[in-house]
Every structure is written in structure tokens, then in C-alpha cells.
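Pasting the structures here.
Same chain, two partners: chain A is paired with chain B first, then with chain C.
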Partner chain A sequence: MPNFKLDDREIPFEPGETIIRAAQKAGIDIPHYCWHAGLSVAANCRMCLVELMPPPGRPAMLLDVLAWDKIKQEYLPQKKPKLVPSCQQAAADGMVVKSQTSEHVDVARASVQELLLLNHPVDCPICDQAGECRLQDYWLEHQGTKKRMRDEPVHKPKAVVFGPTIVYDAERCIVCTRCVRVSDELAKDPVLSVRERGNLNEIVVAPGRQLDHPYTLMTEYVCPVGALTSIDFRFKARVWFLRSRRTVCVGCATGCNSFSDFDPRDQKVYRYRPRENLAVNKFWMCDDGMLDYRRIHEGRVLEARVAGRPATVAAALATAAQLLVAAGPASTAVVLSAEHSNEDNFALLSLAKSLGFSDIYQSGRPAGQGDDILRHPDKNPNSAGVAALGKASGLKSFVELVEAIRAGKASTVIALGSATPTGSGAAALAEVRSLIAIATHEGAVVDRASVVLPASSWAEADGTFVNAKGMSQESERAIHPHGSSQPAFRLISELAALLGKPLGWKKLTELRAAMAPAAPRSVAPDSASLGAE
Partner chain B sequence: MIKQTTYLSHSYGKPNSWTLSAYESAGGYRGVRKALALTREGVIEEAKKAHVRGRGGAGFDCGTKWSFMPKESKKPHYLVVNADEGEPGTFKDRSIMEMNPHSLIEGCIIGCYGIGAHACYIYVRDELHLSKARLWGAIREAKAKGYLGNNPFGKDYPVELYVHSGAGAYICGEETALLNSLEGRRGEPRLKPPFPAQYGAFGCPSTVNNVETLAIMASAFDMGCDEFSKLSELHPFNDGGARLFGVSGHVNRPGIYEAAVGLTLRELIYDLGGGVLQGRSILGVIPGGSSCPVHLPDELPTLPPDPRYDAYRGKSILDIPLGVDTFRSAGSMLGTCCAMVLSDAVDPVLALHNVMRFYRHESCGQCTPCREGCGWIERILNKVVEGKATIDELDRVHEIASNITGNTICAFGDGAAQPALAFIKRYRKHFEDYIVNGGKSQTRRLTV
Partner chain C sequence: MKNETVALGPNQVVGAPVPRPQRSASVQTYIPEIAKGLGITMKHFFQNTKEMAFGQRNDPVLEGIEDGINCISYPEQKRPYPARFRGVHRLTQREDGAPRCVACLCCSTACPAQCIHIEAGEYPEGDPRRGYERFPKRFVIDELRCIFCGFCVEACPVDAIRMDTGVHAAPYDSREQFIFEKDILMGFPGRDGSRLTGNSRHEPGEGGHPGVDRDKH
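So, the complex of A and B:
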């Protein structure tokens, strides 16, 4: 691989790669606002300027500038090298680049930083971006001086509602055009643009339109400052109180890699953020996925129920055990769920095997809208995982379950998951004698259940999900289980113990070890998929 | 040395000078016939010999620029004429379009043939309504004669010309912003590379040329390009031929004068421009549009050791021939070659204030240094003029301008920084007077 020298380090690069991207891959963050690895190059912020050393024997291109000599009281002509934006400049073999070691670069960056803050309201105390704002970070690293312009800054529109999800503050905007490029290039809906000129520039929504494509939250996500805020998140949390876990979005079968940002004090997830995975979601997530974190806290089943009445988990487990013993293998259907992780499904499958239950079905959420960007029409995170795990057991479809119920062949059902793929399927569940639901959310299944076992959501348990491409991805637990809920695999393991058929593992690692040979290779937990934090 | 010529200006001021018959009776449409008799490569080789340096401000050699166009490509090629003429103090292209539009048409046909284009867009600054009307008229006439269309002058090489109204911004004169604007996009300069010759109008290989660059090519081809180049005193600097020199401001006879390259500022101001108004002396002169530095009349530039400069050593900036390289080497810039003269009856502080208001207003606002820097300088100068600035603020100006220099996407940034640096360097005392004494010792006037 060819190399270039950045300050005192040798940086390898792929031909055609820019200096900034190669440096980023090598773990060096050249300061930047407008550049984003997932977007076209705009090179407008000029924060990433670096000094390129001329090839040996060739003079540097020098520009005439002035300095002021306070003592002599006169201007001194000075020369400075022409700097180049590292986000635009392609790396070349043997190139020598100075970033942190060039005094000219220092001056240029401090100046850009000062200029960006010149007309900025500096309202950090009421700004949601505070704590993760590049203006703040780079002020510390590259400026560190007080504001020298003492005049009234330029005023521009504030709290402009761009659409159902986004609010814009033009005074905080640095016109880096990242949001414009996200709409143009990711969402393929050129609904944002720049209007006016010079320091009156602002971002506007196309006349007659709203910012309402399926990827609006990515505009906020890429905004390096507090100009775009998400209506969902604004004024909800201070980011320095939040912690992050590497999770996988369960909104659809794409399995976008995400961060779940939660407050450890109240054990609430406040938002998702995309986590880079070039093989899956690149840098992005869709709005549905981004807002799907709300289901962690909404409509949850947090307590056990027996015959529609609140019960302890122990009592519910005991009732479930009795019902299963009474029914026996011939009339019991076991339903796996594409909403749940491999771990949960593997546990239920193991229970079924140990009890000799052989009628295994698959359930999940109904299909929805997809696109050719990220969104998959299968709105389940683990259809592929369930299909792979259940293959050897003759996994049957939900339609077949409905038929079996209607034919009186499945009078007892033990079902993982909260949703059914069709409304008529939910109605069929009302016809069974006993329905044991292991569910995270209220809904059609829980409504009809004789016994409800409260399962923890994806955010409250570690789990592995296999996306539509067959990639097995681990998701980390972010918060403690809410209410009396427990991870489904744990509830199932306790049920097995009550039935005198312990599953042979207690801890998650033991479960995964047990699952590894049983599960086809592609669904084995792949810790590499966790990516960088 | 004054060597007045009339290649472009022969028709200026004459009745119906813009018609095809007037143009042809003055010898028009001969150059293009000679060009079309050559091969495409032949045209480029010939064009290079003319050493016509781009008249739009950057001074790039025209024939060399044409040679950057791909020899063959799957996409169509375009010639785009920069008729946005927005540089303050510059009004030469307009005179061609209004009074001698056929010279541009002729140049466009040669250009199209040379770069392998069949279509040419003339992007005219919106306000120039008469220019647009005269160009359309000329195109109609030329088409009717068969000079444009499928077989210009009988040659099987179709050429069509279109006039396109500009979007009303100075920045749309920057060639890549112009291309964006032509395509219906926001008039913002593009990143380079790719250069227009690879990725220009509508993503196709394109050449952008100034009006005068193309118009003079017609005469060069008629005369023979080498011979044409030698008209110039600066032929040894590869700066050939004749060009339009403009002079405006406080001179007795402001206007456009055509002469062989080699003319000096002193000749332009005193001999052609009739000297400074009221017989006063020069406070400062800006050689070629407001983006160039201002010079004191007695300034002695340091020239490079190159022996070609020996003849000019020890001479004032007013006595160095106006040329692309000569002025660059003298620490100045030729720009559009339209000089602006300030008499000593006016106030340099107000002059810079005026210039910086323009740049603040016209910055497209992509680049942080230009967007915010021009605004900050303007604001400081507002305060200087109002007598409310401090010395500390005055000391910001060179710092801001130095940080704009070289750090932006397009040359607008440098063009805005240069006047700021040049004015405060030369007239610092005047600025200080505004701060310390409220400008009492200044004339506080911009007009005479």
C-alpha cells in the first residue's frame, strides 16, 4: 500500500483516498466541519487545511500577506505557503503533509474557528448540541481566545420548524451544507438548499415542502453544531450524562448498527445514533429506526399476568409449567419470534426439544415499507436468525399455525414475541385454550394470553440478530431490565427448570457456547461486528 | 509605448456598427474562414502563437486553455463565454457586445471549432439588456447568412450560439460558479479539480473564455497569430497582440482605449485618459478592477532578476508595461486591465470602505474565511468611517485579510483580501486619522 507522511507518522492509503479519510482510518482526526466520510466533498469550512511540502527541489507556492510591527509602527510584508484542504486533496505516495506541526496551519485553523464563532450566538447553556459540538471542541483545541468582535452579531431566523422532526436555528448554522448533502445524496430528496449570500446565508426548505423524507434525522445527526435539533430529543437530556452502548436497530431486517444513548441514573434510553458499518448501514439510519428507541419505554409489558390478572413472575411460570404438562407434545405449538434475538429463540427451541414438542412456528411483526437505501420491508430484526435456527426442526410459518389452530391441532401455544404478522393471525390466537406469551410489549398476543411472562426489550438484554444479508450482529445491553421483566432466554430457562428439564446453561456466555454448535455458522455471535465505540 | 489599434474598436461610436454589413465591410469574418480551413489541431497550434492572455482577469493563455480539451470524448463539448463582466471598474466586454457583437460571434465559431464544440453559451450579466439584444440580433443575422447553423461558411461543422441571461451576482463571473448558474444551480464556485475542460457545463468538457479573449481571436486569425502577437511589446513575455484598456475614476477622458500590449499606466492615464481631473495628482491607481492592489504613483516595484525586466528596472509602477507577468512580478495584478484612478482630492478610507462593502455583499458565502472575513472587515470599516473604531480593530484588518488569502475555494477570497491589504498598507495614516481625530484631516469625499 502507498504511504504518505502526516506530521511524524506514516499513513497508508488506498489510491484515490483523500488525506483526511486515510488519516481517519489510521485513527488521526484532522479537524473538520463540512467533511463527512459518507457525503460528497464540499470543502467549504476550511478547518481541515494542511500544509503540503513541495517535492524536493521545487519551491513552495508562497502568498503575500502582511504583519504589523507594533514597535516600528509599520506593516511588514510576509510570505505564507498556500494551504490545501485535506478533505479534498487526494493522498499521493511519498507526500509530506504537515497538520499539527505547521505554524501556518495553526494560524489558519484558529482563524477559521474565530470566524465561525464571529456571528454565532454562543448560547451553549440552552443548546442541545453542547457537549458534542465541534465549535466547542475545536475552540478548546484551536482557538482558546475570547471573542474579539464586540459588535452585535448578524441576526437570522431562529426555531424554524423544518418538518415533523427537525427545528433549525440559522444563527447557530455554519453553512457547512452537510444537511443539504444528506438530503440530496442519502435521501435522494433535494429538499434543502442555501439561500442568500455571504454572511446572510441560511438553510431553507424548498418552497411548498417540508423536510419530511424518511431520513430527516440524519440531517440533525450530521449537523456538526446545534443548528439542527431533533424535535424528539431537544431539551430532553444533557449529553454528558448519557452513556452509549453498541446496539443493533431492531426496526427492520437491515440491522443498522447503532449506539443506544441512555442515562444510567434513570435507566432510560434517550436516543439512537448510527454506528458506522460499511457493510450494513454505512454511516446512516432511517427515521423509523432512529425513533424506534421509544418502544423501549412505550407499551411495555412490565409485570407478569395469569388469566388477565397481575401475578408474580414465579406464579406465572408455575402456571405456564402446569399448562404445558397438561397439554403434552401432541397439542402444543411452539412459536419462535423474528422480533427476538437468537439467544431467546434458541432457548425456546431448546425447551421445546427437551419437552419433545415438535411443532415449531415462526412469528414476527407485519411487513412494511422498504426502499433501496436502508429500509427493509421485513420489519423484524431476526427473521434470518430464526429461519436458520429452526431449519432443522422443520420450522413452519405463521399461516400454518393459524391453520393448525383452526383445525384444533394446537390447543396450547407457547409464543415468543409481542406481534403477529397478520391481524387474522391474532384473531386465531383467541381460539386456543391456553396461550403462554413471552412478550415485551402489549398487543394482540398479550391480550389473548392465559399467562404473560414479561420479557426484557433488546435494550435491556444482550442479543444476537441476523440481518437480511445473513450477517450475525451482536447488540449490547444498555439498561437494566425494567419492572419485573427478564430476558426471555432467562424466563425460558427458569420454566425449563420448573419442568425438571434444565437447559444446561445459566450465564449468557454458557448459552452462547451451547448455541454455537446448534446454530449454523452464520448466526454465531460475531463479536467483530461490534465495531468501534 | 502607445500603439493604438482598432481591431475591436473600429466600429465604436459609428452608426449601426453592430450590424453584419458594417462588420463585413470593415473586414470581418475573414479570420474564421482561415481558421475553418485548418484542422482542429491546426487551430489550436495557431491560437497558441497569438499569445492572447485571458482577458477575464486570470491571464491564462487562450490557445493553451483550448489545448486542454480532450481530443475525443463521448460527451459533447461546450464553449461558454463569460460575459458576466461584474468586476468593479470594468466595462470593456460590454462595449464589444454593444458595438461590435459580430467580432464575438466570429471568435465563438473559431473557439467552437478549436475545442470541438458545436454549441456555445454566452452567459451575459443580466443587467446588460442592450448587449443581449445586440448579440441575439447578430446571431440572427449570422444564421441568416449561413455563418452559424449546420454549415458555417460551407464547412460541415455545425455551430449554434445561445445567449443566456445571468443570475445577477458578481460571483457568477467566476467560471465554475458561472457553469453552475448556467445549469440552473446556485451560483457557487465548484471545487477544482475537476477543471471545466474535464467536467464543465452539464458535466461535459467545456472551455470558459472571456468575451474579449474570443473577440480578439478573430483578428488574430485574420492577421496570422504570430504576427498578431508581435504587435505587443511584451511578446517576449508571451503576452501578445492588442487589447482593450479601460480607465475610469478621476481622469478627464474615462473610457475604453484599444492599443497594443505594452502600454503603461502613465500612458493610459495621461495620454489616453487625458490626465487627472482638475490637474491634480494621483492618490492611487488600481490597475485592473477592484480585486487588484492599489498603488501609489511613485511606487518602485522590485522586479525579478530575469534580464527581460532590465528595461524596466528603477521605474515606477506607472511606467511598467501593463502585462500579465510584468504586473505579477511587480507585486501587482493586471486583472481586467481596466484601471481606476483616485485623485488626491479623495479619501482612500472611503474608497476601501466602498470596495469592501461590495465584497461583503457579493461573497457567495461558501468558505468560512471569505464569508465571515469580508463581513468583519466591512464592519470594522463601517466603524472607522463613523469614527467609532479603535486602533485595535484597525489592527484586525490585515490579520483577517491575510487569513482569507489563499484559504478559499475560489479567487474571490484573494480578490477581496488584496485591496484590503493594499489600502491599509499604503494609507494606514489616513485610517488612523479617522480613529484618532474622527477623520478631520481627510477630504471625506469619493467624488471630485
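So, the complex of A and C:
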């Protein structure tokens, strides 16, 4: 692999790669605003300027400039090397690049910072970006001086509603055009553009349109300053209170890698952020996925129920055990759920095997809208995982379950998951004599259940999800289980112990070891997250 | 002679001899000492009674400095607190009575006792402050949890929270009464009687603020 030298380090690069991307892969963050690894190069912020040393034996390209001399108190002619934007300059073998070690680069970055902050309202206390704002970070790193301009800054529109998800503040905007490029290149809906010139320019939505494509929140995500804010997250939390866990989005079968940002004090998830994984979602997530975190706190089943009345989990487990003993294997159906992780489904499958239940069915959320960018029509995160787990047990579809219920072959059903793929399926569940639901959310299944066991959502338990491409991805637990909910695999393990057929594992690691032969893991390449964008 | 040590008693203890108290009848009966002590009490009693009767009571602070009577009748009388005493919090107001607070959560970030809870709200569309400010929908301080360190006052960027009320949290009889909501906090005046903020920043729509000048160009 060819190399170039950045300051004191040799950086390997693939032919055609730019200096900034190769450096980023090597773990060096060259300061930048407008460049994003997933977008085209605009090179308009001029923050990533670096000094290219001339080839050996050749003179440096020097520009004549006037530099302020503090002692003589006047401008004096000076020579300065021509700096190049590292986001646009392709790396070449043997190239020598100076970034932090060049005094000219230092001056250039400080000047760019000063220019960008000239008309910037210093309203960090009320700005949602504060704490993860590049203007703040680079001011500390590269500028550190007070504002010299005494004039009133240029005032522009504030809190402009761009669409159902985004609010825009033109005064904070540095017009890096990242949001414009996200709309053009990711969402293929060029609805944003730049108006006016110089210090008057601002981002506008096309006349007669709203910013309402399915990837609007990515414009907010790429915004390096607080110009674009998400209406959903706006003023909800300060980012320095939030902690992150590496999770997988459960909104559809794509399985986008994400960070769940939660407040450890109130154990609440406040937002998702995309996590870079070039094999799955690259740098992005869709709006549906980004807002899917709300389901962690909305419509949840938090207490156990027996015959529609609140009960303790222990009482519900005892009732469920009685129902299962009374039913016998012939008339019992076991329903796995593509909403739940491999761990939960494997636990239920193990219980079914140890009790001799052989009728295994698959349930999940109904299919929805998809596109060829990220969104998958299958709205379940683990359809492939359930299919792989249940293959040996003759996994049957939900339609067959409805037929079995109608035919009176399944009078007792133990079902994982909160949703059914079809509305008629939900109606059929009403005909089941005893329905044991292990569910996270209210819905068709819980409404018709004789016994409801409250299961933890994906944010409250570790889990493995297999996406549509067959890649197995682990999602970390972010918050403690809400209410008296427990991870579904733990509830099932307790149920098995009550029935006198312990499943042989207690901890998650033991469960995963037991599961390994049944669900061979083709782990998705989880590229180390480069830069916390 | 100076460093001479003398062994005393049957055990030959080395040390300086302690003078024995006078075991006279007056000492052993305690009566003169009791009379002396009661005399001091009666002196103060008559002096206090005289001062109360004739309204000659001195300023309690000056009294504390001088010799003599140091009693005040708390809680009817209170010693004035020093000028920079940190009392219960108050939220300052703008001229129109709205809270100056912009719900930035700097105070709750700085708070080492985590006793401040704020929910931020946004001004509706059309309000001149929309985009420039946000406001606290809820602002709650748990005065029982507060350690009165004053960090919140230091952290506030807009002079919205102060501890210059000059009163300490009163002893209530239940925990809930120490949870001060926004309306209570905004109700306290400062020691100078004012509820206004000292923050001189001009507001959108007020004189001195140029407003949006995009349409001028």
C-alpha cells in the first residue's frame, strides 16, 4: 500500500483517496466542517487546509501577502506557501504533508475560525449543538481569541421550520452545504439550496416544498453546528448528560448500526445516532429508524397481567406454567417473533423442545414501505435470525397458525412479540382458549392474552439481530429494564424452571454459548467508528 | 536550682507540687459562690427588664461586638445576615414579568447536589423571542437537597438565578414543601425589594435590537 507522510506519521492510503480520509482512517482528525466521508467534496469551509511540501529539489509555491507586524504596527510584504484543502487533494505516494506542525496552517485555521464566528450568535447556552459543536471544539483548539469585530453582527431568520422534523437557524449556519448534499446525494431529493452570497447566504427549502423526504434527520445529523435542529430532540436534553451504547436499529430488516443516547439519571433514551458501518448502513439512518427510539418508552407493557388484571410476575409465571401443563404438546402452538433477538427466540425454542411442543410458528410486525437506500419493506429486525433458528424445527408461517387456530388444533398458544403480521391474525388469536404473551408493547396480542409477561425492549437487554443480508449484529443494553419487565429469555428461563425443565443456562454468556451451534454467527464487519460525528 | 527535681511522697513522684485549694468553710459550703453566680444572673435580669421596659435595647449586631447583653429574642428578632449571605434561590424577571431564565441547564449542570430540575419550552411561532430564547416550562429546586454553594448563580449566563433573598429555607414539616416550583421561586424579591434581572441584554423587538435585516438587502 502506498504511503504519505502527515506531520511525523506515515499514513497508508488506497489510490484515489484524499488526504483527509486516509488520515481519518488512521485515526487522525484533520479539522473540517464541510467534508463528510459519505458525501461529495465541497471544499468550501477551508478549515482542512494543509501545507504540501514541494517535491525534493523543487521550489515551494509561494504567494506574496501582506502580514501585520505587531512591532512596527504596519503591514509588511511577506511570502506564504499556498495551502491546499486536504479534503480535495488526492494523496500521492511519498507526499509530505504538514498539518499540525505547520505555522502557516495554524494561522489559516485560526483565521477561518474567526471568519466563521464573525456573525455567529454566541448563544451556546440555548443551542442544542453545544457540547458536540465543531465551532466550540475548534475555537478551543485553533483560535482561543475574543471577537474583534465591534459592529452588530448580520441578523438572519431564526427558528425557520423546514419541515415536520427540522428547524433551521440561519444565524448559526456556516453554510457548509452538508445538508444540501445529504438531500441531493443520499435522499436523491434536492429540496435544499443556498440563497444569497457572502455573509448573507443561508439555506432555503425549494419554493412550495417542505424538507420531508425520508432522510431529513440526516441533514441535522451532519450539521457540524447548531443550525439545523431536530424538532423531536429540540430542547429535550443537553448532550453532556447523555451516554451512548452501541445498538442496532430494530425498525426494519436492514439493521442499521446506531448509538442509543440515554440519560443515566432518568434511564430514558433521548435519541439515536447513526454508527458508521460501511457494510450495512454506511453513515446513515432513515427518519423512521431515528425516531424509533420513542417506542422504547411508548405503549409499553410494564406489569404482568393474569386474565386482564394486574399481577406480579411470579403469579403470572405460575399461571402460565399451569396453563402449559394442562394443555399438553398436541394442542399447543409456540410462536417465535422476528421482533425479538436471537437470544429470546432461542430460549423459547429450547423451552418448546424440552416440553415436546413441535408446532413452531413465526410472527412479527406487518410489512411496510421500503426503498433502495436503506429502508427495508420487512419491518422486523430479526426475520433472518428466526428463520435460521427455527429451520430444524419446521418453522411455520403465521398464516398457518391462523389456520391451525381456526381448525381448533391450537387451543393454547405461547407467543413472543407484541405485533401480528396481519389484522385477521389478531382476530384469530381471540379464539385461542389460553394465550400466553411475552410482549414488550401493548397491541393485538396483549389485548387477547390470558397471561401477559412483561418483556424488556431492545434498549433494556443485550441481543443479537440478524439483518436481511444475513449479518449477525449485537446490540448493547443501554438502560435498566422499566417497570417489572425482564429480558424475555430470563422470563422463559424462569418459566422452564417452574415447569421442572431448567434450560441449563443462567447468564447471557452461557445462553450465547448454548445458542452458538444453532445460530452460526456471520458477524457483520463493525468498522470502528471514525470520529464522533 | 532551676532544674532541680524533687522526689515527693512515699512513691518518690518527681514533679512540681500542686497547691492544694483552701478548704475554708466558705469554699466548702459553696454558698458565697452560688450567691455570686445568682448575682450575675439577677444583674442581667434587671438590666434586660430595664431595657425592655424603657425601650433601650441596642442594635443586636453592635451588642454582639460590645460587652454586655448578647441576647436577642429569636425569631421575633433576627440578626441581619451579611451582605453576601446565600439564602434561598429566586428567579429574576424581565420587565414584562416573564422569567429571565432561558432554560439552558447550565445551573443544573454546575449543581453538585443535583437539586435543580428544568424542562425547557419554546416560544410559539410569531413570538419575537422565538429562536432567540427558550424558557423554563418547569423550574424546580429541591431546597432540602441544595447545599447552598452558589454554583448555580455563578453558572447562570443571564443573571436569572440569584441567592440574594436574604432568607434561609424555613423549617417545614414535610419534604414536599421544600420542593420550590417556578412560581414560588419567581415570587421572592431580592434584599433590595427588586424582582428584575440585572442582565442588560436587549431583547428582540426592543429598542437597540436590529432584528432580522435580510429583507433590507
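Criterion: the second predicted complex is superposed on the first by the 512 of 533 C-alpha atoms of A that agree within 3 Å, B and C clash if a C-alpha of one lies under 4 Å from a C-alpha of the other, contacts with A are read in each partner's own complex, and residues count from 1 in each chain.
The definition used in the following text is that a contact is a pair of C-beta atoms (placed from the backbone, for glycine too) under 8 Å apart; a residue touches a chain by one contact, two chains touch by 3 or more.
Note that the structure is predicted; figures quoted are calculated from it, not measured.
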item: Superposed model, chain A: greater residue contact from chain B or chain C; value: B
item: Contacts of A:41 with chain B and chain C, given as first, second, both or neither; value: first
item: Chain B versus chain C as contact partner of A:234, first or second or both or neither; value: second
item: Which of chain B and chain C A:169 touches, first, second, both or neither; value: second
item: First, second, both or neither for A:154, with chain B first and chain C second; value: both
item: Touched partner set for A:327, first chain B, second chain C, both or neither; value: neither
item: Which superposed partner A:198 touches (first chain B, second chain C, both, neither); value: first
item: Contacts of A:126 with chain B and chain C, given as first, second, both or neither; value: second
item: Doubly contacted residues of chain A, that is, touched by chain B and again by chain C; value: 154, 196, 200
item: Of all residues in chain A, those that touch chain C in their complex; value: 123, 125-126, 152, 154-159, 161, 169-170, 196, 200, 202, 234-236, 238, 240-241, 265
item: Residue numbers on chain A that touch chain B, as the complex places them; value: 41-47, 49, 63-68, 74-75, 78, 80, 82-83, 88, 107-108, 111-112, 115-116, 118-119, 148-149, 151, 154, 174-175, 193-194, 196-201
item: Residues of chain C that touch chain A when the two form their complex; value: 102-106, 109, 114, 120-122, 125, 130-134, 157-158, 210-214, 217
item: Sites on chain B touched by chain A in the complex; value: 169, 171, 186, 188, 191, 331, 360-369, 371-376, 379, 383, 395-396, 398-403, 405-409, 414, 421, 424-425, 428
